[in-house]
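So, here's a batch of structures to check.
There are two complexes below, and they share chain A, which is joined by chain B in the first and by chain C in the second.
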Partner chain A sequence: MRFRVVIKRVKAGGEPRFDAFDVEADPSESVLDVVERISLEKDRTLAFEHACHHGVCGACGMVINGVERLACITRIGEVAKGGVVVLEPLRGFKVISDLAVDKSRMFGKYKLVTPSTLEIVDGGLQEVQLEKLYDCIECGICYSACPIANTFPEYLGPSLLALISKSGDGKVPAVVDSRAGVWACHAAFECSVRCPVGFKPGESIMRLRRRLLKGELRVEG
Partner chain B sequence: MGLREVLESWFRLKGRSLEHLSFAARRLAGIIMALYLLLHLVDISTLALGEEAYSALLNLFSGRLGLLADSLLWSILVIHGTLGVYSAFVEAGYFLQHRRTLLVMAWISAIMLIAIGVWVIAGVLA
Partner chain C sequence: MTKSVLVIGGGVTGVAIAYDLASRGLSVTLVERGSLGAGTSGRTHGLLHSGCRYIADAEVARECYSENVTLRRIAPFLFEKNGGLFVAVTEDDLRYKDFFLKQCERAGIPVEEVPREEALRLEPNLNPDLKAAVKVPDGTFDPLKVILSFAASAKLSGAVIKPFNEVVGFKVEGGRVTSVKVLDKTVPREYEVKPDFVVNATGAWADKVARLAGLRVPVKPSPGVMVALDGRIGNMVFNRLNKPGDGDIIVHHRGTSVVGTTSWVVEDPDSVKPPREHVELMVKRGSELAPIVSRLKIKAVYVSSRPLIGEGAASTGREVSRSFAVIDHSRDGAENFVSIIGGKFTTARLMAEKLGDFVAERLGAAKESQTASRPLAPYWLFFEG
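After this line comes the complex of A and B, so read on.
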């Protein structure tokens, strides 16, 4: 089947522009596969990120026909509208080049997260403590989908607050209890709806708030 | 960040969830109410020009225009209020698992209250 892939191009110093590429692809092929073919066969200067190709590394997040998704697990036939697929970089981050964004806004604040991998998993009959790594794949989709993270650069952001909420040692840095922290969130919940692994950052932020309101957390710094 | 980007982000509707659409509706209703407050300050200040000027302005909003303006204002008030109640619960961390149900209930209440309000306004202005 023939698809028209329209890609937002942003190069250093230049104005953003849209380039269209006509490609043959099977509707069940992933958007990432098609982007890679475009890069190999049509435009070697196209910049984008990927690594694992199966929804684990979080590198290939992009806005596909207006919605944030991981390109590697998105079938082109399912998202194309009239055979057209528009690809844009994630919102809420500085664009490095084309579809590649600088996620240091998220990674740069990881020092606020207390290292802890222990999560209480509700086993149904009783609560069992299990050693489990958190599921966030650090794709940044929640920042891009959040109307507040998009318009308030100081906001710590959904995934970071969700990780802090799971730190579990009863203390949070003062910035969490500030306008740039949990109080910036306005319950649009688009982060939870779009998160490709169901990490539910929106719910975590609200729980963090409830614990702060009840005085269950110690605010430090 | 420009005003255009901010408005685009808040009021982006394509491909968004019911939660995001409700966030946008709540925010838009809030902005319109703030603008209405400014407008209201202007309209009551016509009192300074005398009773006649004030009455002339009020007469503008009798009949159909009044019904339309009052119905719109009531609808905006109701949307902001009902979605505000939803948001007060979930933003304090309650009913998180049932937030969709709560949101649907908020919209149903909003539609019912709007219908009742418009009916009452139409009766008063008739």
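After this line comes the complex of A and C, so read on.
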């Protein structure tokens, strides 16, 4: 089937523009596979992030026909409107080039809170302690979808607060209990709606708030 | 004056090499044509090898296990360390067991046979008709985060990491590379660099890159199809207790499980699509290990091309050793150019150490590799500064 893929292009020092690429693709192919093919066959200067290709690394978040999604697990036939797919970089981040964004506004704040990356799983087996990486894949989609993260650069942001909520040991750094922390959230829940792995950042932020209000968390620093 | 090295390739081997060389005091720049992990490394199934999969070659297995231990020590935050099970489903599998156990002992890998009831208690989604199970020290990881941790460590050691910068040409004069032409896709513009040494760490693409300098690398791009299921069906890695074959592993990490893999050989790693019959085969073979596989929705199908060493008459890639090779191009007319191929994600740090020894000797850098003992930087530090 023939699709028209329209990609927002941003290059250093240049004005943003939209380029259209007509491609043959199976409707079950991922948007990412199609973008990769465009970069190999039609325009080698196309910049975009990708790694795992199966929805666990968070690299390929982008805005697809107006909605934040992981391109690797989005089938082109399911999102095309009239055969057209418009791709834009995530909102709320500085654009490096084309669809690639600089996620330092999210990862750069980890130093304030140092969240854990491993979750201990209740496996129901006393002699085996199971562990897994947190389901949050740090894709940045929740930042892009969040009206506050888009307008308030100091905001710690949905995924980071959710990670703190899940990995905390009864203590949180003062920045969490501040204007830049849980109190910036307006409970729009766009983060939870758009999260591609069901991590529910919005609910986690509300849980942090409740625990702070009840005095169940010790605020440090 | 500090000698400069250009590392080509932003997969796990490239970033580990950049880290190794920078921490020895060399001036390192890494260029990658896409984003970090955009090639083979980012698309692995995410298995921290115990070495048991390649137990027929006890030395390769020993190497894998040793690196497994090292990585757990220097970066515990990156790995789900839940172990793995090698499971016999057929009589043929069962006949492989004694050889498997003997080889594990030879390679020094701590494994333990567990009763079938215990295996099913540990992992209820395994085939209830399993005939034997052996517990092994496998682990799992998110490949991109491991790559970013090596890249962060490289940056903190002074390396410059440049994604979206593709090498498009070399100037070779007087038996050495005198300049490298790079396309910076973010501008876009081409520019030249004049490093003292060039490292080709582009894996399955190593021959394509080397050809730009008039050189050849005996790499066999060997793609494998993987099928990601929409759901996590276990904690320990599920392996088929037999010699390596199609669809003999299920790796769980984060909220998903990945069934892998097939193996064939292609000329160009850039033009590979997953054959539909490979997907069907993964589901069929995966279901033999864990029947639930056939009932789950497929979340993604993808292909990753291994950079196998292309010696011998291998046609499927399975016959090729999973060890690695450092290819010195000085005898081909480029004395400051080296390629590295083969290996596995799990052994990338070791590959970087050996390649680092080679480059350090050529450039007269005195420092030894420290990457086995120094903690790896958290991946989020890559995004700072």
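The definition used in the following text is that the second predicted complex is superposed on the first by the 200 of 221 C-alpha atoms of A that agree within 3 Å, B and C clash if a C-alpha of one lies under 4 Å from a C-alpha of the other, contacts with A are read in each partner's own complex, and residues count from 1 in each chain.
Note that contacts are C-beta pairs under 8 Å (C-beta built on N, C-alpha and C of every residue); 3 or more make two chains touch, one makes a residue touch a chain.
Since this is a predicted model, take the numbers as computed values, not measurements.
Placing chain B and chain C on a common chain A by superposition gives a fit, with no clash between them. Of the two partner chains placed around the shared chain by superposition, chain C is the only one that A:Ala12 touches, whereas chain B remains out of contact.
Residue contacts after overlaying the shared chain place A:Arg207 against chain B, while chain C stays out of touching range. When the shared chain is aligned, chain C comes close enough to touch A:Arg44, but chain B does not. With both structures placed on the common chain, the touch criterion links A:Val197 to chain C but leaves chain B unconnected.
By the touch criterion stated above, A:Thr151 is placed in contact with chain B alone, chain C being left untouched. After overlaying the two complexes on the shared chain, residue contacts for A:Tyr110 are found with chain C alone; chain B is out of touch. By the touch criterion defined above, A:Arg91 lies against chain B but remains apart from chain C after alignment on the C-alpha atoms of chain A. Superposition on the common chain places the nearest Cα atoms of chain B and chain C 21 Å from each other.
No residue of chain A contacts both chain B in one complex and chain C in the other.
The touching residues of chain B, when paired with chain A in their complex, are 1, 5-6, 9-10, 12, 14-17, 19-20, 23-24, 27, 87, 90-94, 96, 99. Every residue of chain A that touches chain C in the complex is listed here, in rising order: 11-13, 30, 39-40, 44-59, 72-73, 96-97, 100, 102-104, 106-108, 110-111, 116-118, 121, 123, 125, 128, 130-135, 137, 197-198. Chain A contributes residues 65-67, 91, 147, 150-151, 153, 185-190, 193, 203, 206-207, 209-211, 213 to its touches with chain B in the complex. Residues 34-38, 41-43, 46, 76-78, 80-82, 121-122, 141-145, 147, 163-164, 166, 183, 185-188, 226, 228, 235, 253-256, 258, 270-271, 299-300, 302, 378-384 of chain C touch chain A in their complex.
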